[in-house]
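Chain naming follows the written order as A, B, C and D, and within any one chain the residues start at number 1.
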Amino acid sequence: MVAERLPREVIAMRVAQELQDGDVVNLGIGIPSLCSQFVPEGRTIFYHSESGVLNYGPMAEEGEEDQDLINASGQFLAPMHGMSFFDSGSAFAMIRGGHIDVTVLGALQVSRKGDLANWMIPSRGIGNVGGAMDLAVGAKKVIVSMEHIDREGNPKIVEECNFPLTCPACVDMIVTDIAVISVQREGLILKETAPGWSVEDVQAETDAKLIIAPDVGNISL
Amino acid sequence: MVAERLPREVIAMRVAQELQDGDVVNLGIGIPSLCSQFVPEGRTIFYHSESGVLNYGPMAEEGEEDQDLINASGQFLAPMHGMSFFDSGSAFAMIRGGHIDVTVLGALQVSRKGDLANWMIPSRGIGNVGGAMDLAVGAKKVIVSMEHIDREGNPKIVEECNFPLTCPACVDMIVTDIAVISVQREGLILKETAPGWSVEDVQAETDAKLIIAPDVGNISL
Amino acid sequence: MNKVYSSFSEAVADIPDSATLMIDGFAGPGGTSQNLIRALRDQGARDLTIISNTAGLASVIGFGTIPGQKPIDIGILVDNGQVAKVIASFPVSPSPSRPTSFEKAYQRGEIELELVPQGTLAERIRAGGAGIPAFFTPTGIGTFVTDGKEVRVFEGKEYVLESALKADYALIRGHKADTMGNLSFRGTSMNFNGVMVTAATVSIVEVDKIVNVGEIDSYRIDTPGLYVNRIVEV
Amino acid sequence: MNKVYSSFSEAVADIPDSATLMIDGFAGPGGTSQNLIRALRDQGARDLTIISNTAGLASVIGFGTIPGQKPIDIGILVDNGQVAKVIASFPVSPSPSRPTSFEKAYQRGEIELELVPQGTLAERIRAGGAGIPAFFTPTGIGTFVTDGKEVRVFEGKEYVLESALKADYALIRGHKADTMGNLSFRGTSMNFNGVMVTAATVSIVEVDKIVNVGEIDSYRIDTPGLYVNRIVEV
């Protein structure tokens, strides 16, 4: 491939466009955690973390870190007006109870039906479930943001996951370094490609058969 | 009967002797609500109410009533150091989870096996369950305090309850205006009688067959 | 993202006939959304199912009512013929000689009742808000409560399976709200309020005061704003 | 009724071999009872079952750790050969190249693991404290989580039956305690702490400061004293 892959920040920027004014949003570790920096102006987003906090904002400045103010990625948060704290029972009641509008998660594999696998690489024989299963089943909208292929060049968007599942049929949207894909009943709809990437280029890096949206275009920010 | 029945305050006084230092105690409506006035000195009791408060103390003075400070009987509480507030989910988690040491409840009937009936007079066809079923099943020790017979002179301590049950086999102790009875596996053990009342007098007002404790004596305060 | 409504009537305007409502409070006027209840009476929606600890008690027996005051409770909805069913733990007056509006309507066969132990009621509502469809509880074993329900033994003890309760709307009284919907309660006025606000599709909250974000200290937020949809200042 | 202990070692002295412990914290040193964990290491009880969100992570990858600090976590109990089983949601390092003590012991077959989704772990602990023996949850449907468990459909959706977790002891980090055992937490350091403290027979809490009753405002009490058995000041 000649065309460049989008950097992590741009993937996060594209995801951030999906966040609507008033949404309660939970961001996973990795690319997802970058999204909050790129929310379009005029939209108020309430960030939730399963570490037990709602409405956190920017990270703490260096030297201002407080070990009692972290998100689920272990990043230090700055204190913020309107921030509230709660225990894990309540944090997951919010998730499982359908009170989180959007979660953005990383993934190892996503299948054509929207199955998500993100907790274990089988070769390691052990993995971390963390809050991913709860978020995947509980959030109203599940967006996966990840690199389109893994480090060995294997497609991560597959016909069927062969990694252990986190949650079947839960992913609504996939944003990668080369494409934006909507998961619908009929399959994976390719909506946008990265600049310089044709639909054929994207399909070539995708194991699952993509349906090309009639209005497929370039990722725009 | 010639001998006098104990007044409500004295019943409450006798019950109060059962409360031990450090106990978490939930007091029902009626005679039970009087117990807190008579706790022997040197014992710290933590009062819990399903209205959502732990460690309440005296009632509010006249003119100082606050509608946001009530116990489950609707009495106004005075603010108190160390008092905490919580929602009903938490209030009953404490009860059902076994964190209440003693509950003192009123009753319509108690059976020989310690079955409790206290929520509905069948002739009315409708009744209030309230928190009684949760308290009866959840508290470590259930003390019933009540008049020994009802207004029509019918025994309330019966072989089998014919009123709808609140909870089977839950009562540990019964304190009435003429007797103190311990509920054991083998049956109802008459431990104390009111001054002037013989064991035969008490049995005559009791439908269930009583077992007389070897050391049966007078109620002492 | 404006949660602030300017009137009670506006805040309850879209409640349709046959809606399921959670109405807050323990029994007295403290923690009861009296203004929203009155607005709902005036609005007139009918065939309502109401989930509440009582079915209207304070107006008849003065439970938790400061002498000289006249509390408003669910009784005015019953009197107005708006209520089809009540799910409650303490539905009638403790004194048969002073029956509530609900009891009279119930005896006339006009209202259906589902009687639920108070702790089970609270837990069913909490479950509704927490995405738990059903749970086992020891409360009610050996009583009418188990009728038609599954009973199962865990570690030698019997438990009954109870299901979650949810509502279309919750009417809630709070103390303060900020414009983001974060709530604080006073004293014993968060009992059913604290769970009901989590279990309704639309939670409508009346408060003594609406303040700017930051004016309620983080540690005084009892209910995070994600549970609150509409706020009205009393 | 004295809950105040003068040393960590005294507070953990009676923990026997084969005890089940809940150990608090999310993953980093904030909200982790580091002093009690160290005292338990020195005390030496063996064959422990530990219920915790992680199996010791901060000491290896520095999760939530202020640069330059050296956090203590469950890893020191694993290293000391005291742990037979871990029930956790995030048991290993996210980075395979920096494995934790637990992962190494697990790969050697020395420790058993029960892997639980984080929300299910929290809810199972809350259930343990709340007298709920089991509940249905949607989390884990279609995954290994349902192996050997009942799956049931409610309103067209599948749920799995999960059981309560209880412990003999909980080791908890709080911010302040009064002599009655009322606790307040700081910020995000009440997550697992707030539920674990309710689910153990004996809850042992280390706090920054023990104060007189009344010095924690009623509205700043996060955990009422009835859940707290022993308190030690750091």
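Quick note on the criterion: a residue touches a chain if its C-beta (ideal position, glycine included) is under 8 Å from a C-beta of that chain, and two chains touch if they have at least 3 such contacts.
As the structure is a prediction and not an experimental result, all values here were calculated from the model.
Student: Taking contact as defined at the start, I'd like the list of chains shared as neighbours by subunit A and subunit C.
Tutor: Neighbours common to subunit A and subunit C are D.
Student: Moving step by step between touching chains, how few steps can get you from subunit C to subunit D?
Tutor: Each step joins two touching chains, and the minimum needed here is 1.
Student: Please report how many Å separate the Cα centroid of subunit A from that of subunit B, as a whole number.
Tutor: Here subunit A and subunit B have centroids separated by 56 Å.
Student: Mind checking the centre-to-centre distance between subunit B and subunit C? Centres are C-alpha means, answer in whole Å.
Tutor: 28
Student: Could you tell me the distance, in whole angstrom, between the mean C-alpha positions of subunit B and subunit D?
Tutor: Chain centroid spacing, subunit B to subunit D, equals 37 Å.
Student: Scan subunit A for residues touching two or more other chains and write them down.
Tutor: Expected reply: 85-86, 92-93, 95-96, 138.
Student: Mind pulling the residue numbers of subunit D that touch at least two other chains?
Tutor: 123, 126, 130-132, 137-138, 219
Student: Looking at which chains touch which, would you call it a line, ring, star, complete or other?
Tutor: Drawn as a graph, the chains match no named shape, so other.
Student: Could you please write down every pair of chains that are in touch?
Tutor: Inter-chain contacts occur between A-C, A-D, B-C, B-D, C-D.
Student: Okay, in this complex, where on subunit B does subunit C touch?
Tutor: It comes out as residues 29, 49-53, 65-72, 74, 76-77, 85-93, 95-96, 115, 121, 124-134, 137-138, 164-169.
Student: Tell me, which parts of subunit D touch subunit B in their complex?
Tutor: Going through subunit D, the ones touching subunit B are 1, 126, 128-132, 178, 180, 182, 198, 213-214, 216, 218-219, 221, 224-227.
Student: Spell out the residues on subunit B that touch subunit D in their complex, using ranges where they run on.
Tutor: For subunit B paired with subunit D, touching residues are 21-22, 24, 44, 46, 48, 54-55, 79, 81-86, 92-100, 138.
Student: Could you list, by residue number, the parts of subunit C that touch subunit B in their complex?
Tutor: Touching subunit B from subunit C are residues 26-31, 53, 63-67, 89-92, 94, 96, 103, 106-107, 113, 115-123, 125-126, 137-145, 175, 185-195.
Student: Flag every residue of subunit D that touches subunit C in the complex, lowest number first.
Tutor: For this pair, the touching residues of subunit D are 123, 127, 130-138, 154-155, 157, 159, 163, 184, 219-220.
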